[in-house]
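By letter and in written order, the chains are A, B, C, D, E, F, G and H; residue numbering begins at 1 in each of them.
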Amino acid sequence: MPKIKIDKDRCKGCYLCVVNCPNGLIKVSKTLNVKGVRPAVFSSGKCTGCRMCAVMCPDCGIVVYK
Amino acid sequence: MSKKKMKAESRKPKTKRVVCEEILCAGFGGQGIMFLGKLLAASGLEGGAHVTWMPSYGAEVRGGTAYSMVKISSGQIASPIVTDPDILIVMNKLSLVKYEGKLKEGGLLISNKSLVGDFPKRKGIRVLNIPMTEIAHKFGDIRCANMVAIGALAARSRMLSIRNVANMLKEAFKNKEELFVINKKALDKGYKS
Amino acid sequence: MAKKILMCGNDACGEGAVLAGCRFYAGYPITPQNELTAYMAKRMYETGGVFIQAESELAAINMVFGAAAAGMRAMTSSSSPGVSLKQEGISYLTGCELPCVIVNMQRGGPGLGNIAPSQGDYFQSVKGGGHGDYKIMVLAPSSAQELLEYTFLAFDLADKYRNPALILGDGLLGQMMEPVQMQPVDYNPKLIEKPWALTGCRGRKPNIIKSLYLGDGALEAHNKRLQEKFKLIKDTEVRAETFHTKDSEIVLVAYGSAARIARAAMDMARDKGLKVGMIRPITLWPFPEKLIEDACNIAKKFLVVEMSAGQMVEDVRLAVNGRAKVDFYGRMGGGIPTESEILEKIEALV
Amino acid sequence: MKKTKKHKIKTSPEAGSDNIIFNRPVSLTNAENHFCAGCGHGIVHRLVCEAIDEFGIRERVIAVAPVGCAVLAYDYWDFDVAEAAHGRTPAVATGIKRVRPDNIVFTYQGDGDLAAIGTAEIIHAANRGENITVIFVNNGVYGMTGGQMAPTTLAGQKTSTTIHGRSLRREGYPIKILEMLAVLPGAKYVERVSVHSAQETLRAKRAISKAFKMQIDNKGFSIVEVLSMCPTYWNMTPIQAADRIKNEVATFYPLGVLKSC
Amino acid sequence: MKKTKKHKIKTSPEAGSDNIIFNRPVSLTNAENHFCAGCGHGIVHRLVCEAIDEFGIRERVIAVAPVGCAVLAYDYWDFDVAEAAHGRTPAVATGIKRVRPDNIVFTYQGDGDLAAIGTAEIIHAANRGENITVIFVNNGVYGMTGGQMAPTTLAGQKTSTTIHGRSLRREGYPIKILEMLAVLPGAKYVERVSVHSAQETLRAKRAISKAFKMQIDNKGFSIVEVLSMCPTYWNMTPIQAADRIKNEVATFYPLGVLKSC
Amino acid sequence: MAKKILMCGNDACGEGAVLAGCRFYAGYPITPQNELTAYMAKRMYETGGVFIQAESELAAINMVFGAAAAGMRAMTSSSSPGVSLKQEGISYLTGCELPCVIVNMQRGGPGLGNIAPSQGDYFQSVKGGGHGDYKIMVLAPSSAQELLEYTFLAFDLADKYRNPALILGDGLLGQMMEPVQMQPVDYNPKLIEKPWALTGCRGRKPNIIKSLYLGDGALEAHNKRLQEKFKLIKDTEVRAETFHTKDSEIVLVAYGSAARIARAAMDMARDKGLKVGMIRPITLWPFPEKLIEDACNIAKKFLVVEMSAGQMVEDVRLAVNGRAKVDFYGRMGGGIPTESEILEKIEALV
Amino acid sequence: MPKIKIDKDRCKGCYLCVVNCPNGLIKVSKTLNVKGVRPAVFSSGKCTGCRMCAVMCPDCGIVVYK
Amino acid sequence: MSKKKMKAESRKPKTKRVVCEEILCAGFGGQGIMFLGKLLAASGLEGGAHVTWMPSYGAEVRGGTAYSMVKISSGQIASPIVTDPDILIVMNKLSLVKYEGKLKEGGLLISNKSLVGDFPKRKGIRVLNIPMTEIAHKFGDIRCANMVAIGALAARSRMLSIRNVANMLKEAFKNKEELFVINKKALDKGYKS
């Protein structure tokens, strides 16, 4: 099943991935990263590999796997 | 201003000993680093001291750590640039890494435990490690973590009084009563820590 | 004594302009003078003046040209690269004898450089970065208070001589906040009649504002008039601050930010018993050459401190004219000298 | 500032005959102009003065003269005039108008001044909707500097910098500035006219009057482009030059109102 | 100069898994960018690299970076880059392309750079039909200098130089540069896109590819305007900023192809 | 000897560029250098080079920036007001260390001034009209022949040091026709490798051309490198012509057009038995200060002749450093000194 | 009857008036003026006072009388 | 060019007497004033002399009189500016008015009778008054009036030979045989006048 990997410490917490995942699979972490922001986290689920999250990430923080 | 005054004239040198506190505040963009410094300077001025405040160079580069520099002195201040601070306030880890080495021997480090974590390695300095962000979070606005730092500093500074800081804070938040209240709480909490 | 307000130099400069009666500002954003542009946006709005965020520095200086031609106290501000773009305009303003105030909060160069404080535009300011034989009055404040006060002065001088005046600051002076006393009781802008201004020719012959002189010898005659004016300014408007020049073997020369630091170094040196004095030129043009010449009677050595590779030092050398040793200590590209660096230099000189 | 009385046709006083039905407008001085024979600038200079006289605004006018063959306009115009650095004409006019909104401020610009070095200034003055009038004399060359290519030079036209004729590939297209300006909501009145014949010249006069009227009525930015002969650097007689406008130039740069709000 | 082999999707080597279907393009270095959270620049930087990888032209590309928040582009792009003085970006690109026509030359410009100080340069580069590609990032403010008004700032929008909101009367209209450029025959491909949603970002990618393709095929000047978020100086969260583009900015600046020859 | 051709200075300069391998020219018309622009239009067409009539001087200098960044020998030319507009660009070129040649055929200023010959842009050229600490190499030809030859030299020097070089002429030199020997057998352009140029990163790491240095101390380090380069140029590339400096009590100093006339005045003076010599700086920067210093061993007085209000005279004073009297004779705004005016001045000095 | 008066020495000899007179009433002089050109001359005739000549004169060399 | 040559070196002064003719040509724009001067300079060069030619300042102002200045000398020429000419060629009246006074005592005035009319008032100069425009008109092109002037000068100059002028004229009109013929006729006519 497709999945994504978010580089936690690269994430700046813009959450554009969060709102752009058609399946609502990305959530906001409860803990801070090195940047002092709460990074986006992949809450594993029915990911379709549609890439929408990664397309929106301004920081190249998301890799999508098939 | 009279032209005469501006014309060449000699002045008596100021050679008596001055007390000067040099403070460096550093953290992320959103952590109110500039405001922190300005409030310190304003409070120093309120106390009758000479003060300068200087931001990290302008806004031409985004992101990264921001810092501001404050000098509070009983005498005239030459450069506002703080190269080896007496007091270092760090709000995030990167700032500690970057500026720890600059702190004067015997200087005071005020560190935001929430984001900086454990004690720094360096010896020979005084360290205050306060979970500022957590405290601020408790008061309902993580942005007032910087007030915790000021409070803590006011309790230890030779140039600042908590009363002056509180007054200046009030002025900064006039018409914003609610924000003032939260910030004041954080300030007091810091003062007591 | 009125209460002092904590203010950054850029704001103080803007407030100085407002108090001087400036009601026209055109500028283009550039760090480290953005606070000034923003301040003028706010204050022109409040005072019913005109604020224009121009499409470029070129447009800005030429809008100022227009406003000045129409008789208004007008100002523009920028930082190094932006001021380079204004050089043609400055040459025109001078040729057309239009009064206005230009502010340069210098930053590190050349090229894009960085946005740290610098004094690398001294030559451009005092020798003439534009074309032709001209001079503009250059004032060098060294604190927020002086940014306020010299801005009054700049407007008054500009009107008095129908010539642009430049405030030469830097990123440190512009961005640093300091206490400023805001109501200097003894300043009233010297607003003078401008019969030459373009206001429509009702009841008079048409006025013409121009720098073109085509007739045989006409431009040379115009230049002679200008040179006479420059001579008059040189004779009348030199301003400087001196410290201990009457007993000092070593005299520091520094302006603006560098002067603040040099002065502290001087104090440190004197504390150590060294006979060190200082001359701080306030007007960079006209340059206080007479003061320096006079200082040569006592001083054996000069140490010029600049945040540049050495620019004002040439004017010091010209004034000293071989009568004393002239040494230089400079930091470049945004580097700021420290008191102890300067002290070290001083000690090496004794 | 009070307006002077409005009058329809006012001709130069020294003519001294009631029978005169056409003469030099009063706003135009008696100085002989320095233009080459048959140069359109001479006509446009007069038209501007006719419009100014028509509205009786001579004493309110402040003109901004360009660097170009019209650089000596202040010798010919009997009202306040400012010089402007090449191309910065609209910026200077902006400065003047903003501090003296009751004056009537116009620029007079060549195609080098307006469409090359001054591109940014004209576009942003129009975009800001400055309440000024722009008289834009398009003669397709840099007259003053010796007939180099202008941005408006037609394809194939020979100039001192395009000796084999302007090549679209190398030098690009003759630029239609008015068509660009018309896109801007700040530009309220945009018309192209020509002075190649008496008929067109009369139309040009009306357009120029309209442009001033817009300003008088505080309607905002107005611009009139005038196709104009430069016989000298077209290497033609004035009559040939006028014909060239009719047959070639005005075909490429169509005459008429592009916009009127 | 030989072209490198064309390839469809090429991702950064260090990822090291065949299962990867989306990753950083190879032309983009691994450096973390300095942009604020949610800044559109980060997206556009990547899209440009994706297009370059798609055509396999990384080794032929010469970019001209602006002065603006994108000034550090050379830290992120793994190909030749020149700095340009603020606004002169298209002039620098012209100089490069004319002497190295076989290279692929593009500029990356903000709205201050392109639509204010660089107005003349972009218009004349387009008018000359320079065979270059222009990526124009319109975020409606001067990001780098602290959020002042840009020529593109919407009416009513508050910025540090329009604290009461942009007034059409004082500051003029938000400028539609593309609509002006489209008038020029030298401009061959003109499209406006946005990066406020994944859908639009994919469209933006296609437009950018098309613009490079135009150059590769020697078709002439192409420009893609990208509406882009500046959460910092819009005083919004990135999500609010994206919504603002959808609801406000893209309403004023309509998306789509304005011209394609 | 090959036949000499009657040529105006502007054309000679253009031909010099062509011979030096310049294949990119961007410029904007302005009198008195229009012949040069037209010449380049023609010759670039013939040689397959690039000629662009830019939309402005700003665009032109930045097109040259681009062409130079891409490794091409590139040139722009203008006259005073137009050169003022190029100052930002020149500062960038220097900061980015890009070689190119800029020509300034000076005219009368300030502002629009007139189109007569002038030397009013000396300060702008040698001190730096743009922002920041930088220097460009400034060559001052005084004949059409030298306009040809110094243009070669300018290109070679520019490439050698990765720094712009400026040809500082004036309307007289540009427009005057003189015999020029067109085929100097001993010139081969020193075309060197430019591994730093932007050519696409095939087979190498990407190249970056920039003047922005943001890291702590990075810009200062960059400036130090630049200053070292400038020092090397000063040590290596000074050029001047001297006449009778070994036996002269009065030494004239003049460059360019003024030097032609001063030299004639010198001859007249010597005919009258006066011990008069002359130094003609060929490189205005680096300035031949050593030569002038050496001349002080014999000379009692210097007379600097310029077509300006007195600009180069400051550099002479700096070099003389009080060891001799330095007098000045100048004409401004397009005025051209005559031999007899200068002779009179000389006679007044003895 | 309407008529025009041409300022002979002001005339630069462009002849735009000549071609724009609907009645062909303006001719080229046989003699040179101070400028060394042959000025336009009014060959008196059925002038309608239409002003076309004067409108075209770039040098304000023509006055029209009714 | 070798660097050494350009470096500082002393030169022998040229103090032997030089012969130098300074010529000012003036007239209307269309009268070929620039060409006239250039042809003189080229002819001087052809004869082995030092020459300079200098136009009136550029093209930034239209109309009015144009002039060009020529120096032909046996020695090096300092300034190309002619302030007090040995020879003054005036093609129209305005030029006479403007420049007559500048002619050296004993200098030669070559005047275009057709447009200048009667003799000038000034004494102490040599005057050649030739109806150049009329002559040119007879040859079929009034633009070759300037050639009449050159011919007349060539007959009197110490620095010019009619042969060199004719050669240069030929070169100027190569491929324009017809024009050359007319101009040559005018030249010869002037030479004989």
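What we mean here is this: contacts are C-beta pairs under 8 Å (C-beta built on N, C-alpha and C of every residue); 3 or more make two chains touch, one makes a residue touch a chain.
It should be emphasised that the depicted structure is a prediction, and the values quoted were computed from it without experimental measurement.
Trainee: What is the chain whose Cα centre is as far as it gets from that of chain C?
Mentor: If we average the C-alpha coordinates per chain, G ends up farthest from chain C.
Trainee: Ranking chain pairs by how many C-beta pairs touch, which one is first?
Mentor: Counting C-beta pairs in contact for each chain pair, the top pair is C-F.
Trainee: Using Cα averages as centroids, what's the distance between chain C and chain F in whole Å?
Mentor: Comparing mean C-alpha positions, chain F is 29 Å from chain C.
Trainee: When the C-alpha atoms of chain C and chain G are each averaged to a single point, how far apart are the two points in Å?
Mentor: Here chain C and chain G have centroids separated by 59 Å.
Trainee: Taking each chain's centre as the mean position of its Cα atoms, how many Å separate chain B from chain F?
Mentor: 53
Trainee: Approximately how many whole Å separate the CA-defined centres of chain D and chain G?
Mentor: Centre separation, chain D to chain G: 25 Å.
Trainee: Do you know which chain C residues sit against two or more other chains?
Mentor: Expected reply: 31, 34, 55-56, 58, 81, 88, 92, 96, 111-112, 114, 116, 210-212, 214, 334.
Trainee: For chain B, write out the residues touching at least two other chains, lowest number first.
Mentor: In chain B, the residues touching two or more other chains are 58-61.
Trainee: Scan chain G for residues touching two or more other chains and write them down.
Mentor: Correct list: empty.
Trainee: For the complex, which residues does chain E have touching chain D?
Mentor: Against chain D, chain E makes touches at 116-120, 123-124, 127-129, 151, 168-169, 171-173, 175-176, 179-180, 183-186.
Trainee: Sort out for me which residues of chain C touch chain D in the complex.
Mentor: 23-24, 26, 50, 52, 54-56, 58-60, 62-72, 74, 88-89, 92, 96, 198-203, 206-212, 214
Trainee: Contact residues on chain F for chain D in the complex?
Mentor: Residue positions touching the partner: 28-31, 34, 37-38, 41-42, 45, 51, 53, 55-57, 81, 111-112.
Trainee: Mind pulling up the chain E residues that touch chain C in the complex?
Mentor: On the chain E side, the touching residues are 67, 71, 83, 85-87, 112, 116-117, 119, 142, 144-146, 148-149, 151, 160-164, 170-171.
Trainee: Hey, which residues of chain B end up touching chain A in the complex?
Mentor: Its residues touching chain A are 28, 31, 92-94, 114-115, 133.
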